[in-house]
Amino acid sequence: MLSKVTPRVKEVRVLDGNRACAYALLLCKPDLVACVPITPMTPLVETVWQYVADGRLDAELVEADGEINGLSHAIGASAAGGRTFVGTSSQGLAYMYEAYLKASGNRLPIVMALATRENAAPDGVVASHQDFVTARDAGWIQLVCEGVQEILDTTIMAYRLAEDPEILLPVNVCFDGYYLSYLTERVELPYEEDVDAFLAPVTSANRPKLCLEDPLTVPTNAREELFCEFRYKHSAAQHKAKEKIDEIDREFEALFGRSYGGQIEEYRCGDADIVMVSMGSQVGAIREVVDRRRQEGEKIGLVKVRVLRPFPRERLVKALEGKRAVGVIDRNVCFGWQSGAVFMETKAALQDLPTRVPMTGFIAGIGGCDCRLEMVERAVDITRLAAEGKPHKEITWLNLE
Amino acid sequence: MVEYQCEYEGPWATPKPTLFAYPTGEWRATRPVVNSAKCAHCGICYLQCPVGSIRDKGTYCEVDLSYCKGCGLCARECPNDAISMVREEAQSIC
Amino acid sequence: MAKFYDTLVKRRDCPPDCHLCEEACAAKLGSVGPVIKAEKVHKVPRSKTIACFQCSQPECMQACPAEAIVKSEEDGVVRVIQSKCIGCEACVSACSYGNMFFDRETRVAFKCERCDGEPACVKACPHGVLEFVTNTESIRSYLRTEDLFTPGVGLCAGCAIETISRFTGKVLGDNVVLFGTPGCCSRITQGINLKASARVPCYFCLMTNAASTAAGAKRYYQKTGQNIMVVALVGDGATADVGFAGLSGAAERGENIIYICLDNEAYMATGIQKSGTTPFGAWTFTSPVGKQRRGKVGSSKYMPLIMADHGIPYTATATLSHLEDYARKLEKAKHVTDGLVYIHVFSPCHTGWRAPEDSSFEISRMAVETNYFPLWECERGEYRLTYRPKNSLPIQEFTKLMGRFRHLREEELGQLQKVVNSRFSLLESLAGLKAKA
């Protein structure tokens, strides 16, 4: 536990998401950074490379020929005991998918930033959550950011989480391409010593690695029960990560003065009778609509999902118990359910409740469309219909209907 | 409550206390027999055995049958024909 | 421990009616006559000696009542001290192999004594049939350490990959981290359940990323001041096909790894399917032979030249029939610190190539002697042939050893011969061996 300190800010700057993430790397000091330029993440690469050229960051840089080879450099370095970072987006993530699976199965604490973007096809170099949502069951922890400050803070927290000896899982820091990667916001920059202190518990932590003193082989060809055991441990680590995320958020708040609520943020949910659920930058738009409606006397709240994997089941159930309706706005498509992924998973989680909570699902902001305030307003209205038991559509594609 | 076989979280394997080894000595259908008197200690079998089963006895070489797969390379490459391959007889497995 | 001794071995088939070796022996020994018979040399199989075995426990020496026969500890040769010979001929009867002779005139025994290290028969043979093998002790001196991995490896009996991997490990030493890929090479680096197969650290990669994973680890070791060799043992599938992009990128970025491709010219671990290095015409299950298809269509990727063309500090080819050549190349590889080392090792697969279990050395030898697999190196742009066959043999000498080429007709063999010739010609000109026009 960190001793009580007064949070302090080194300076305030206006940064976009890519540069905020890059600045976090200056503070976290990875040993190896492997990136391939890909829109909308490219400025992150360029910023980090310039840091190294200017002598501000001492990291091995890999301008990989392709994303799988970039991630593989990080895998090799991480297996050898190093701290690593990778940045990519949609097609890059798809190309590295084979190694992406290995990283989590081998329990290597790599941190990867995803400036989220649509998967081709159709080809659209535009924002959405489709890339990391498609990859959600590869075993990585997936944290999702709402704003640029959160990107910087979450990257720092990602290393604290990934390298924790009880977790040892790779972490995705997902932030919306374009909306967060390119647009700027006010960012408070922490002191390097404070980040060093925050990461100290994991920076010197021991984990198995490729070294001559204790020559191990990884991964082994595990069969039958042993294979099951590794999957079981992996699953158990994902479960442990939930509480760990909350714990790390509290530690972060104590040292830096900023909290994001851990796995979820409950915004004005206490006496709300309908709650909107979402993740990513559109949470900002929903927040605004919630405030407007509250001013008009409507009892409405918002749950911001900050982590898709592991899914914050327990906290969601607690937050949504007794609500009259829940509306989920997804910036992705889950083909099996003809809805969004967060809708589907929230619906599954709410099975735990003794009383059924009516749910409405919305798909908005995919393919480069905005998730506009009037769309959120419509979503709230439809959810209100559900709360009142009136006929309504279960799933609405807000940009089309 | 699941009882773990492995001390590690991830799929790490250790060479201690012993390395994994297939019982390749049980695979062979023929085994090499060395006529050590004829051996000229040229070292060809020693360098060429895939399994590393040839032991240098000083003035001649011998085969350690523990892992020998009976490939016959030693017999074929021995310039002196000091090694011959004989059939393994069937053995009951107790 | 006694050192390994030289030995006299037949490597090729004799042309008919040639007696040059016997004549040279007779000329060397004088009137007593030769100790080798051309008839016997013609009959003896390849890899066998053509003269006295120089036994470790010579029957002749044991039978001699006059202690006139001695085996030298220095060179292992069994010699007759003619001044002590009493002419009893006991040694002649004692030798079961007919390698002891008797001069009726001078009444002394005589035998092959290897012409004191320069056998006349070998010198006299213009056809490259005979080889005086003198380097086994020298090869042994390259071995730095014990085996890096388990004696019980799940590879076919007689597998060249096993031989080469063990040799490689012993020459490189144990200050190494190994990177392997799925394929036959996996048997060495991959652990099974809780147990590792190697006594050095190993990372088992994907087929697509051996070079880059190895490079990532090496970067970390370099950054943290750890002087550890990083070696990738990879098959031809992961090198020439699915992992090529990563290898090419690693070469271009100057990643300091030793990348050894063990080329058995197909995807063998999945049961013999064609790869980018499968030669023209070869049978595999995905380049089958039948009415409509006749083995591999098109030529193969010649990886060593492709890699040398990346401008890396050191590229080399090697094979198991020329272990000293390979050991020298590994020593050079160890000393490169500023870029990628690529060594392409020809690893005959008797299972996939349809050859007997004990044939991998003979196949390698013939691959080199027919110029199918030339031995060369490129050191910072300077090409060099490290071995040139004395009279290269036609490609049939190589293809006849394996079933995978059995279906090839004259003209198809001719096509393969053309590929081999033009490749060797290119290497010769790169090595500056062709006369300028």
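So that you can tell them apart, the chains are marked A, B and C in the order they are listed, and the count of residues begins at 1 in each.
Simple rule for what comes next: a contact is a pair of C-beta atoms (placed from the backbone, for glycine too) under 8 Å apart; a residue touches a chain by one contact, two chains touch by 3 or more.
Keep in mind it's a predicted model, so treat the numbers as computed, not measured.
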{"item": "Per Cα centroids, the chain farthest from chain B", "value": "A"}
{"item": "Selected pair, greater C-beta contact count between B-C and A-B", "value": "B-C"}
{"item": "Whole-Å gap between the CA centroids of chain A and chain C", "value": "54"}
{"item": "Gap in Å, rounded to a whole number, between the CA centres of chain B and chain A", "value": "53"}
{"item": "Whole-Å separation of chain centres (CA-atom averages), chain B against chain C", "value": "20"}
{"item": "Set of chain A residues in contact with two or more other chains", "value": "215-220, 222, 226"}
{"item": "Residues of chain C touching at least two other chains", "value": "191-199"}
{"item": "Per-residue overlap in chain B, given as positions that touch at least 2 other chains", "value": "5-6, 13-15"}
{"item": "Complex contact set, residues of chain A against chain B", "value": "105-108, 168, 208, 214-220, 222, 225-226, 229-230, 232-233, 237"}
{"item": "Touching residues on chain C, where the partner in the complex is chain B", "value": "1-2, 4-9, 47-49, 53-59, 76, 133, 136-137, 139-140, 147, 149-160, 162-163, 166-167, 191-199, 320, 323, 356-362"}
{"item": "Chain A-touching residues of chain C, taken from the complex the two chains share", "value": "174-175, 177, 179, 189-206, 208-209, 211-224, 228, 245-246, 248-250, 252-253"}
{"item": "Parts of chain A lying in touch with chain C, wherever the complex brings them together", "value": "31-32, 34, 58, 60, 62-66, 68-70, 72-82, 84, 98-99, 102, 210-212, 215-223, 226"}
{"item": "Residues of chain B that touch chain A when the two form their complex", "value": "2, 4-6, 8-15"}
